[in-house]
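Chains here go by letter, A, B and C, matching the order in which they are written, and residues are numbered from 1 within each.
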Amino acid sequence: MPKALQPHPDRALPAGEAREVARRIHDSTRGLPLLCFHGHVDVALFATDEAFGNPADLLVVPDHYVTRMLISQGVPADRLGLPRLDGTGTAEPREIWREFCSRWHLFLGTPSRYWLEHEFAEVLGLTVAPSAETADVLYDEICARLAEPEFRPRALLDRFGIEVISTTDAATDDLAQHAKLAADLPGRVIPTFRPDALVHLARSGWSDLTRRLGELAGTDTSAYDGYLEGLRLRRQAFVAAGARATDHGHLSAAAVPLDDATARRIYDTALRGEVTAADAEIFAGHMLFQMAAMSADDGLVMQLHPGVLRDHDPAIHATYGPDQGHDIPVAAEFTRSLRPVLERFGHAEGFRMVLFTVDETVYSRELAPLAGVYPSVRLGAPWWFLDSPDGMRRFRELVTETAGFYNTSGFVDDTRAFLSIPARHDLARRIDAGYLAKLVVEHRLDEDDAFRVAKDLAYNLAADTYARRP
Amino acid sequence: MPKALQPHPDRALPAGEAREVARRIHDSTRGLPLLCFHGHVDVALFATDEAFGNPADLLVVPDHYVTRMLISQGVPADRLGLPRLDGTGTAEPREIWREFCSRWHLFLGTPSRYWLEHEFAEVLGLTVAPSAETADVLYDEICARLAEPEFRPRALLDRFGIEVISTTDAATDDLAQHAKLAADLPGRVIPTFRPDALVHLARSGWSDLTRRLGELAGTDTSAYDGYLEGLRLRRQAFVAAGARATDHGHLSAAAVPLDDATARRIYDTALRGEVTAADAEIFAGHMLFQMAAMSADDGLVMQLHPGVLRDHDPAIHATYGPDQGHDIPVAAEFTRSLRPVLERFGHAEGFRMVLFTVDETVYSRELAPLAGVYPSVRLGAPWWFLDSPDGMRRFRELVTETAGFYNTSGFVDDTRAFLSIPARHDLARRIDAGYLAKLVVEHRLDEDDAFRVAKDLAYNLAADTYARRP
Amino acid sequence: MPKALQPHPDRALPAGEAREVARRIHDSTRGLPLLCFHGHVDVALFATDEAFGNPADLLVVPDHYVTRMLISQGVPADRLGLPRLDGTGTAEPREIWREFCSRWHLFLGTPSRYWLEHEFAEVLGLTVAPSAETADVLYDEICARLAEPEFRPRALLDRFGIEVISTTDAATDDLAQHAKLAADLPGRVIPTFRPDALVHLARSGWSDLTRRLGELAGTDTSAYDGYLEGLRLRRQAFVAAGARATDHGHLSAAAVPLDDATARRIYDTALRGEVTAADAEIFAGHMLFQMAAMSADDGLVMQLHPGVLRDHDPAIHATYGPDQGHDIPVAAEFTRSLRPVLERFGHAEGFRMVLFTVDETVYSRELAPLAGVYPSVRLGAPWWFLDSPDGMRRFRELVTETAGFYNTSGFVDDTRAFLSIPARHDLARRIDAGYLAKLVVEHRLDEDDAFRVAKDLAYNLAADTYARRP
């Protein structure tokens, strides 16, 4: 007999005498809308509002958390349908789904299992757990659901209670789909300015993108000054389109300005295709500083995610392209790296910086001390590998005593898996409820204060962190 | 109706079946006197024994934990009365107090809130919590208390049960106030030798201090040999005044001796005002080694606090001076850094070194392994940002399994906030009681052993660690 | 009256509502055989099957965990009988035993105390705890036990339920004792290939060992190519003798291949006794890569233990030799260091790498992300200082959410203390049971899944990880 799928009402809440308190706290946040100011869902989803395809394309293929675990246990990427750059090799969606279902036990103890159970039971209404035996039945059942109108993306926006969701958009995106959405769903789906591809001079395709920047912004990007001005103008276009934030993924958090002459020189060598790796790196750090300066001007909240070595396995990158879950963290450093930005803008009223990390060692050593003194700094929610029950608990335990609750950003979900959004917010609220409940039963916090804080963490702090700067 | 201020009798003790055990363990340590061998309270407090001023000057302005949190949430330093170096800008104490009271929620979950609640309720006898509404009433009530004779510093020494308290004194301090105290309160208030300003050649004021060292010690500090001899003689003066320890705050823990010729050369360039940053750094490391050598001779316990980048924001430093809470930790390293000291003195009978960190990554990786094999090394209590409920719990969890309990220093409070001393010791005893109780209920330790260890952690180990060396 | 020695049946299980669940889970793993694929017990023990000597020689002198703690509290190494290289200085075993027993409290809260209590009570049948008063009685009682035939090593192999145990053997070992054991106890005691002494060119004795390698393998080690071929042939001899794995202790995890010309040049300078420290280091990294390449060929599982600075105190090393517990961890790095190996062999079917660390910061930052995507990587059990109740709990909490359970190696004991093996496996099973029970009572895992995982962690995963590669 197949195993039933029954997410427990008390899941991820603490056991013992804290449970009752945690339940009450969690209940008090259930009805709050979701603010998704750091999303990666494809804007086309909402612009076209087409029905989702099949379970494999919706839940397996695009979810790195899922594919990396299956790959780590020996399932070849091709059998999971990862699209090859050369167009060869496809896998049948039903076969992909079977690979996944028959290895459901691999996800025990991981947040993926938690999110998926939530999606299966509460979003899709499934009643049996995935397994080799149930794979086909589940496949058909999900396909049937996805064909119903209430499973269209815009309908789910309502059902999920999403008040605002950000997408992530290249600085060179023309924002046409966002223009459509601004008309259809005003203020509900907004862009985020991501200039990474334009500030990393050595990445392939950089010069084409730079030319595209010039076209879009109407500036002359054959010189550094026009490039900088182009970025400034694109940011204004994003602001006009409703953007609240920028997003920056750099290997290092170093944000050290160069003098103009040096910046111009490096830019010129890059245009000639002759930039050195070292110059490209200091230029990226220079541009991080420039982006901070522009944020202090135009009020876009600056989100920084450093410390990940992209495409650790070059063969995977060559075959399947970037962002295939083969990115591996390295040690992060913020104290010295951000000093130039913070001594310049750390107390500036218009500037807001949200810091994320996948290196937990900086929580108590660097991030909490920085956020606990600089008014411009907020600590982002646990990111990527750390967006998990124990990861979120450690975050609170490691930062609260130095930074308090009110220097954290509130929960943001950071996902491209649209169906997982309610599960992710709910899990975060449960973990925060559990953390607060523990403080309550240890008499470190009153229960009425816990209610107030829980609401702030779940909603108000994100609203405040990503509010338009003056 | 204002919220009542009622610190719970079981606060910061674990919930569940460990609570009863923790209560018993904590009770057994309540009556023990306080040993404060690593204090930063101003010696003048005890020398003059004058009444404290007002709540703002006592509890807000000088407490970095409090001011940095308020600043991080946008309260300008000037509105908090931080004294400007140029003498301009003052804030009315009652206004400062109101800023603080109206933001009491910012401290939820922080040790500051815990300490202050303890001070308010148990030291000052207040009964309502701070808020915008209660600020003025509390202000007046505290002022009235502070005017009473039993709130004078020396009376509080008795009331707090402080057996010995160390102050922190520059190597160039003439110890005049300590001489007075040695007569009035023999052995109760003792100095600690802090030579930082003399060993960092590039800091402003260094050459004046060096001259002052020569005058006090009667040596010729226009040359390195006289400087070194001057330090040795000042240490002897501190020993004669009752000092038990030295205290060293360096960016790095590196303690690498130079040959005499190099040390002399660098010293000479510093006297000429021409020392390079690199030379100043290796000289500081050289002097850390020299201080260890002198400790092995004169028996002063060597306390080391590395890993903090001072004055992260130069504008704050320029306006308000050093030590304004804008110091941010960096990654620490002890294994290689202390090797020269430990291979020379690690097994020396007269040498005792107490190591502190604000980088928790070294607890299990470096500090516990070092303290767990070198007889001269003890691990200091969790310091600064880590002197907190979860911080102290993590310390025990991360070091005990390798270093045991008996290679730790016992609790020292490391505070300049005199009124917070009982709260800090009490909190440490509660957290240790909770940690021990957890081991008891998990059958990892017998309850009678837990009682013995609790007493050792609260009193005996500090007495032993800071005992005069043979 | 002496204190009774009564290890509690629930020891190291969680308190509260998780205890009952943890008990059931632990019970379900009790009967499983022990797989000891990463042991350091001396092969001679099993080859000769002679009776153990006295309590000091069995339980104190060779156990670094024990001697380092006693040394840290001021007991001179000579009084503990650590054998001096020059043959001078011996301590009477009964005196050594008294030193240990009278300081039994130093081990409170450490895994050594846990293991020893288990050995005393469950292996040796003692009933009173060690103390100054009971030392002599215990000494005599243990001596009497050790004289009984059922305390011979091979009898204990059966009693302990050890299915397979690996020893650790130099690449230049002739495997004669293993040949004898292969006949007497087929497949039960197997060698592990440890080439460290041959790949670190600057260590004393290297050239003699290299000559010995040539003799054993029948290759010409006066040149690099013959040396490499010699290693390959010795590996084949180990495979033939039943080996499943290699073991590598390097300061850094860097595994960067050199071109042949450079490797040959460095090798030649080493033969002339002129190798530089820098060249020796890059050669060690080169050989780590070569060992990975050979593992991908011959199927030996590659175990890597980086990040320990050996012989921190040179005086201890000079007097007593290496491996005296004076090895101290340093910060570890895997992401960049292993990239050359993983981009070449990370997806190779024949390759399996087990990664160990004594730097916990890499658990969630590097190791779990690497093991969570590369099929060849498994995370080794918490090692050395981290093989402890809280250390093992942190391991699960920090890696499971990213790597799951099935990318970990299963428990291996990594000990040279034969009598402690059942205690170590039992403790690991208890901690894993407690971790799983916590997930169960927090409704993050079903109890039936917990039973399955517990069995896999205790037995099946080690069997799978160390299975012969195809």
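Just so we're on the same page, a contact is a pair of C-beta atoms (placed from the backbone, for glycine too) under 8 Å apart; a residue touches a chain by one contact, two chains touch by 3 or more.
Small disclaimer: the values here were computed from a predicted structure and weren't measured.
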- Task: Quick one: compare the interface residues of chain B with those of chain C and tell me same or different, with half as the dividing line.
- Result: different
- C-alpha-based rotation, chain A on chain B, 0 to 180 degrees, nearest 5: 120
- Give, as an integer number of Å, the spacing between the C-alpha centres of chain C and chain B. 40
- What residues in chain A touch two or more of the other chains? 16, 331, 361
- Query: Touching chain C in the complex: which residues of chain A?
  - Reply: 8, 10-16, 68-69, 71-74, 105-111, 114, 309, 312-315, 325-326, 328-331, 358-361, 385-386, 388-391, 394
- Any idea which chain A residues touch chain B in the complex? 16-18, 331, 333, 335-336, 339, 342-343, 346-347, 361, 364-366, 368-375, 377, 397-398, 400-407, 438-439, 441-445, 449, 452-453
